Amino acid sequence: MRGELIWIFASACLINNFTLTYFLGLCPFFGVTGRLATALRLGLANIFVMTITAGAAWLLERFVLPWVPYLRLISFILVIASTVQFVEMLIRKTSPALFRALGIYLPLITTNCAILGLALFATNRGYGLLASVIYALGAGVGLLLALVLMASLREEAALAPVPRLVRGTALSFFVAGILSLAFMGFAGLFHGVVE
Amino acid sequence: MSEAPRLELRAAPFLHRGLSTRRLMYEVLASLVPVVGAAVYFFGVAALLVVLASSAGAVLTEWFFGASRRGLGTLRDGSALLTGVLLALTLPPALPLWMAFLGGVVAIGLGKTIWGGLGQNLFNPALVGRAFLQAAFPEALTTWTPPGRDLWSVPASTFAWPFMRADVDVTTSATPLGLAKFAGQPTELEALWFGNTAGSLGETSAVVLVVCGLVLALRRVFDWRLCVSTILGVALLSGVLHAVLPEQCPPPAFTVLSGGLLFGAVYMVTDPVTTPLTPLGAWIFGSGVAVLVVLIRVWGGLPEGVMYAILLMNAATPLINRYSQPRPYGG
Amino acid sequence: MSGPVRESAWREFAKGWWRENPVFIAVLGLCPALAVTASLRNALVMSGATAFVLIGASLVVSALRHVVPRQVRISVYIVVIATLVTAVDFALAAWMPVAHRELGAFIALIVVNCLILGRQEAFASKNRPVLALADAAGMAGGFALSLCMIGAVRELLGNGRVLGLRVLPAAYEPWAVMILPPGGFFALGLLLTVFAWLRERAEQRRRAEQARVAAAARSGGGAP
Amino acid sequence: MIGPWVLWGGPSFRHGVHPEASKEATNRLPIERMPFVERYVVPMSQHTGAPAVPVVRRGERVHRGQIVGRPHGYLSVAVHAPVTGVVEAVEPRPHPTGTRQLAVVIRADPFDPQRAAHIRPADPRWLPREEILRRIQLGGLVGLGGAAFPTHVKLDVPEGKRVRFVVLNGCECEPYLTCDHRLMVERRDAVVRGLRILMQVTGCERGYIGIEADKPDAIEALQAEARDDPRVEVVSLRVKYPQGAERMLIETIFHREVPSGKLPLDLEILVQNVATAAALADLFDRGQPLIERVVTAAGDGLRRAANLLVPIGTPLADVVEHCGGLREEARQVILGGPMMGQAQKTLEAPIVKGTSGVLAFSRPLGFVEEDPCIRCGRCLEACPMILNPSRLAALARQQDVEALERLHALDCFECGSCAYVCPSHIPLVQLIRVGKALVRQARRTRQVA
Amino acid sequence: MREREPGPWRLILTLGGAGWLAGALLVGVYLATDPSIQRNRARALFAAAQRVLPGAERIEAWLFKEGEPVRYEGPRDVPPPPGALFAGYGPDGTLVGVAIPAEGPGFQDTIRLVYGFDPQRRLVIGLEVLESRETPGLGDKIAYDPDFLANFGALEVEPEVVAVRRGEKRRPHEVDCITGATISSEAVVAILNRSLEAWLPRLERAAERMRERTGA
Amino acid sequence: MVNALVLASGVLGGIAFFFGAVLAVAHRYLRVEEDPRIEAVERLLPGTNCGACGEPGCRSFAEALVAGRTAPGKCTVSPASAVQAIAKFLGVEAGLEEKRVARLHCAGGKSAVRRLADYSGPRSCRAAYWVNAGERACPWGCLGFGDCERACTFDAIWMNEQELPVVEPEKCTACGDCVEACPLELFTLEPISHKLIVQCRAPLAGEAIRALCRVACDACGRCALDAPPGAIEMRDNLPVILDPKRVDETCTYRCPTGAIRWIEGRQFEDRPVEELVE
């Protein structure tokens, strides 16, 4: 069991990094990684939302969806969006500092592929509550890692005389591609610990 | 008063230590001569062909993209040639030449040019080339031939038609790491030390690499901290792990001498461009590479992780640089 | 339909294909553009599904644009989109089970495709259904175009085939990397570079032409 | 102090570089007085702070040592006529910075005996503090170590602060230059006397004279001179560039760092150049204002090397002429040392108070076309301020003011160690200097806003 | 410029109304497509079971209810719930074997497969990979490499299945790995072993019941 | 069928109702007051929160816009019309005064000023100025490395063949970036109606300055004489235009070097290059 949880975490975080190998949440990934500080905060807020999402998805899958399977998508997205919005309001009221640091990123995240993807993958795989949360944490940490690395690379590349033809978006794609190549090194990590 | 000659205006300082980037590159290239020699000795003339093909790919690409901007200037500094040679030395001996050439093209194109040329790339170009090849042609890149080949015999796969599949006629064999990981067979340290094992062209002979590394370090061509921290880190980590989990982790001597670790530590971890420039950063980088290498080798799916470890730490280098800034005087 | 409307509808339709191409220019809807383009067939199916949802949602949203209060706008859009996506998802599962399996969760993920929500907000909610339809169709077309280009490049290099048909000789050594995740990024980056190059060349030609005209005018006109 | 220490060279600051000293050509040549020439150009701006205001007019006759420019405010010093003669013009004239600055041009009177119009010598012990400082300001005294900072300002220790240590800076770490070296050997009495005056004025307890170990004769001379004063210590320092920089000197002698943005005064230390000390002694003991200084002329572009006592305002062309002129191959003329000096586009500029050397080189030394930075980190390991020159230069190119400020760009004192070692020949100092200017500009606008 | 704030009830009603409409629509779509979807799934499962049980002509799904094997009596075009086994019967009604779905981590991601097991001879008699994201051209050979799949034609499971390097298969409980894809091959073997470990103790009795049923 | 329908609408309606209620309550009790302009700008934005603008969501983008930290065009989703609407909304205060244009106070191109030495180093005015104030004879004049050209974000400046910056009056927005960028502070922002421009900064007179530059003001004072009394005055050997309203083109007619100019459009347009090349 412990081995399996380790693998679930490593798989979501490194082997099948949500951004770099599953291609989830790419639009904000490319939009936000221009600045390191923004990327870092987005990543942190993401971990938070993912954890909430995993819990909510598990609840729905367990107690609601067996009766109304066709409402899966719509209920996931409604519940996630509403919960996050509620939490956003709560943070905004109770801790303006935290809100400024992380809260403002919440709306960007809720209607994002990575979050819904997480809910879908976690339920597709039939994870229990604990496994779901671990999976969400792994995915969140992996996303944070990808965001922070990408942002620091792009900030650095902004100082370089990048050729006109690839400056901007194209370079970002190449950088993401190379990062994705590098992450292939994690393939098969901890496959042995499950037994 | 005589008519003064037209003078030259420059900013101070007017003195210079006299070391140049070009000279650094050529010193590294010179130190690679024995490494290439060892490769030819163990794997036959095919090794030389792979080196030539990969260098040609690298140099031609550099020329193609550089010619429009700075004339032939970018070729003279030798860094493209160096990238090509280093890439070749990380490739298997029986690799089709067209793949080696393609690797050189990708190394310079994707690894260097798009970033703005020499000094701007954030990932090690040679390793970008190799990672690309490994992902593109995983089979060819894991086909190893045993050493001790007749000098003039060349495997058929070497001359495969461009973009076409190679027929594998050679007797394949596994690298010491593959043997240890997938078959549980140890390799004698002596073979590792002298290089009488299967593996990439440049990585097999530990003794040559140690000597070249020492020479480069003593001539201050590279930052010794990077090299030392990597090797030391791997030795320490695998020492501890070997003590705890003897059946999963081989002893430190084997870990250090096998695979591409020494080659990577001497030639790739020390690439100035893609590694931190602060002294503390150098230690962090080396330790990071060591941790990742051991992680991938012991728990990962691949037998060898040096390339991925270096690329991943390359990605972290801007962060390391940022947070390992030394405290300024009086700051 | 009166002339001006037809004209502006045509403009809205035309822009999405290239000038405001959602993937290449606006850099939206990237996830499906990379995740399902390992083969051209998947790209086509995905394009079709997205087009259906985009057009359907645009029509509905545009028709309802005066009815829905601002505060719940986004929620209602999401409900509309999610409904359409679920419908597509079920339909594919029922009638194209193989494609559905290969696309996996990415059909469901159309719900959160930035492109779709973006078009609702930026266009459909502010324009008449005719224009919304034109815009959505154009955007869907542009999306399909870019997906197919990426898919074609990746399948050709990564498999030697296009649409499952062998194009390159049987002995071709496929570049597996192109169907692996990094290949998605590389293919898109490469396409963008090529477009930038084409644009630059066109621009240069235009400039040269202008300079020539200007020079001719100057020598002919003879400034005092 | 001399002993086994010398081998290792004693303690020192961190980092730094070892350029070839190249001092053999002049370090044994005694100081010679440069003969008077036809015309002198005396800029009003020779010091940090507001330029002096000319008090003479065209056609007026002036005497050697007479004030021709009065200080303009507190942060300013007087300027004196270096010769007796007639004022030919008061107008912008070439200046060592390459600009043209307001200058008094004096045609020397060839028949005058050129005796200086001295003010009355006075023993500072009997003068009130204000009077001492006023005399120093009117005597035109500025730091002769390079920055030409008005000495009276430096000695005017604000209320609530005090000076406990005075350090005389005799390092002369710049290659080629030997003017301070010769001065310490030949005018040991004036140097030590100047130190005593400094100590007396500031009321401090101990005086140090820091000299690099490659000048044993100077160390010996000053040790002998100060033998019977227990408060004075001559310290032999490791030969390393830039040992002479104030902050490095303090790090070496006191093992303390001057905090960023602070002055040595905040550590209760005062650093003065040895020549400044000698000039101080001359001012009080002989009543001679600052009208001449020792300048080293050297380099393979000059036909003859020398240590010259040059009247301030002597045009560069005349100094060069005195040294036999430039060789055919000379391509570069520098005022100051080869690490921090200013290249000159013509020989029109005059010698000013801050000029310590006139160097001419036949070929641009070690110049190669610039390569991109390969991030080798050599500059980091050279920078005595422990900065990141490579980064600062890149940020300066990008005009990223915020990051420049965060990375302490303003702490760089432009010693040139980084550019000296850079294998890519990047003009790091020049770029960083641009960056510093940007930061200062941004700060000004921020203050205005 | 500011429009009048609509009251909260209007918001709730709009949302609720939209939800209601959407729900209604979806029910329609669901009812229209569900039979096909179920049929597709069921067919795929039964077909895979048939392929891994060579010689089987009829497939039946079995479930364990409170540890007791029970035949799944649902309609043929609805997939049995997860955890079901598939018994395959030959033309003569004899039990050819049991098809068992299993999954576990592979080189890249989870591998899902189904294998056929002959309880009588205690042999694995077939294996099919249903889903994997292994490297194309390398790891994904586990799905189609004939040499590799041939390993599972008659594979002994005692003491346990062992993966060996290609060409080194000597004993009937060993599996020749795919060169260059040792990890994926080992993963298949590991999934097999884990699944067998879980099922073997119960399979004995289940097989008896399954045979009984046919006999009856 | 009916069952399913009831169930579906029940569940969905339930979810929607529940969260609608929660959010409505939250909206009432957890409200935070903010700058109303942010709200107004946010309404003009698409609200997709796609993040492509580099800000974490539309609201933050609106805040950044109001704070002036970013530009409306950064939103790739909004159509051009929306971008313009935002720009208009944010720009209501600006743009009432007379248009101003950056004017250069130097006409010393490369063939008018002697080059005394060979500079090597970064091709930047700021950097070159530090090295002995540049290689040209006149230390007050343009260095010609185009820092101003690079600083202008509106592409309003280009360097002509004389290595002098030419400002396009139509494109110049008087942002003042070039004024900041020039190490010699050679630009000033002049109202477009001020057409008399002194294109020199050298405070030398007569032969002294003619030896340095062929187009410099040599302080002959004719322009001051030809202008209405008191409109132009000579100070520090340069004409100073005290009353730009009263001057006209006539006072430039007798200028021997062309240092004072009547400029209708761009600078340096009326002087053919041939005139400068000996």
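Order as written gives the chain letters A, B, C, D, E and F; numbering starts at 1 within each chain.
Here is the rule we use: a residue touches a chain if its C-beta (ideal position, glycine included) is under 8 Å from a C-beta of that chain, and two chains touch if they have at least 3 such contacts.
Predicted, not measured: the structure shown is a model, and the values here were computed from it.
Minimum number of contact steps separating chain B from chain F: 1.
Any chain that touches chain C and also touches chain F is listed here: A, B, E.
Among the remaining chains, E is positioned farthest from chain D, on the basis of C-alpha centroids.
Centroids of chain E and chain F (each the mean of its C-alpha atoms) stand 68 Å apart.
Inter-chain spacing, taken between the CA centroids of chain B and chain C, is 41 Å. Put simply, the C-alpha centre of chain A and that of chain D have 60 angstrom between them. We define each chain's centre as the mean of its Cα atoms; on that basis chain A and chain C are separated by 24 Å.
Residue positions 7-11, 110, 116-117, 120, 132, 135, 138, 301 of chain B are each in touch with at least two other chains. Those residues of chain F in touch with two or more other chains are numbered 8, 11-12, 15-16, 20, 27, 48, 50, 52, 116-117, 120-121, 127, 130-132, 134-135.
Within chain D, contacts with two or more other chains are made by residues 342-346, 364, 367, 397, 427, 430, 433. According to the touch criterion at the top of this document, the contacting chain pairs are A-B, A-C, A-D, A-E, A-F, B-C, B-D, B-E, B-F, C-E, C-F, D-F, E-F. Of all residues in chain F, those touching chain E in their complex are 1, 4-5, 8-9, 11-13, 15-17, 20-21, 24, 27-28, 40. In the complex of the two chains, the chain C residues touching chain B come out as 168-169, 171-173, 175-178, 180, 182-183, 186.
Taken together, the chain B residues at the contact with chain F in this complex read 6-11. Contact residues on chain A toward chain C in their complex (touch as defined above): 20-27, 30-31, 70, 72-74, 77-78, 81, 111-113, 115-117, 120-121, 124, 164-166, 169-174, 176-178, 180-181, 184.
Taken in their complex, chain B has these residues touching chain C: 110, 132, 135-138, 140, 160-161, 163-166.
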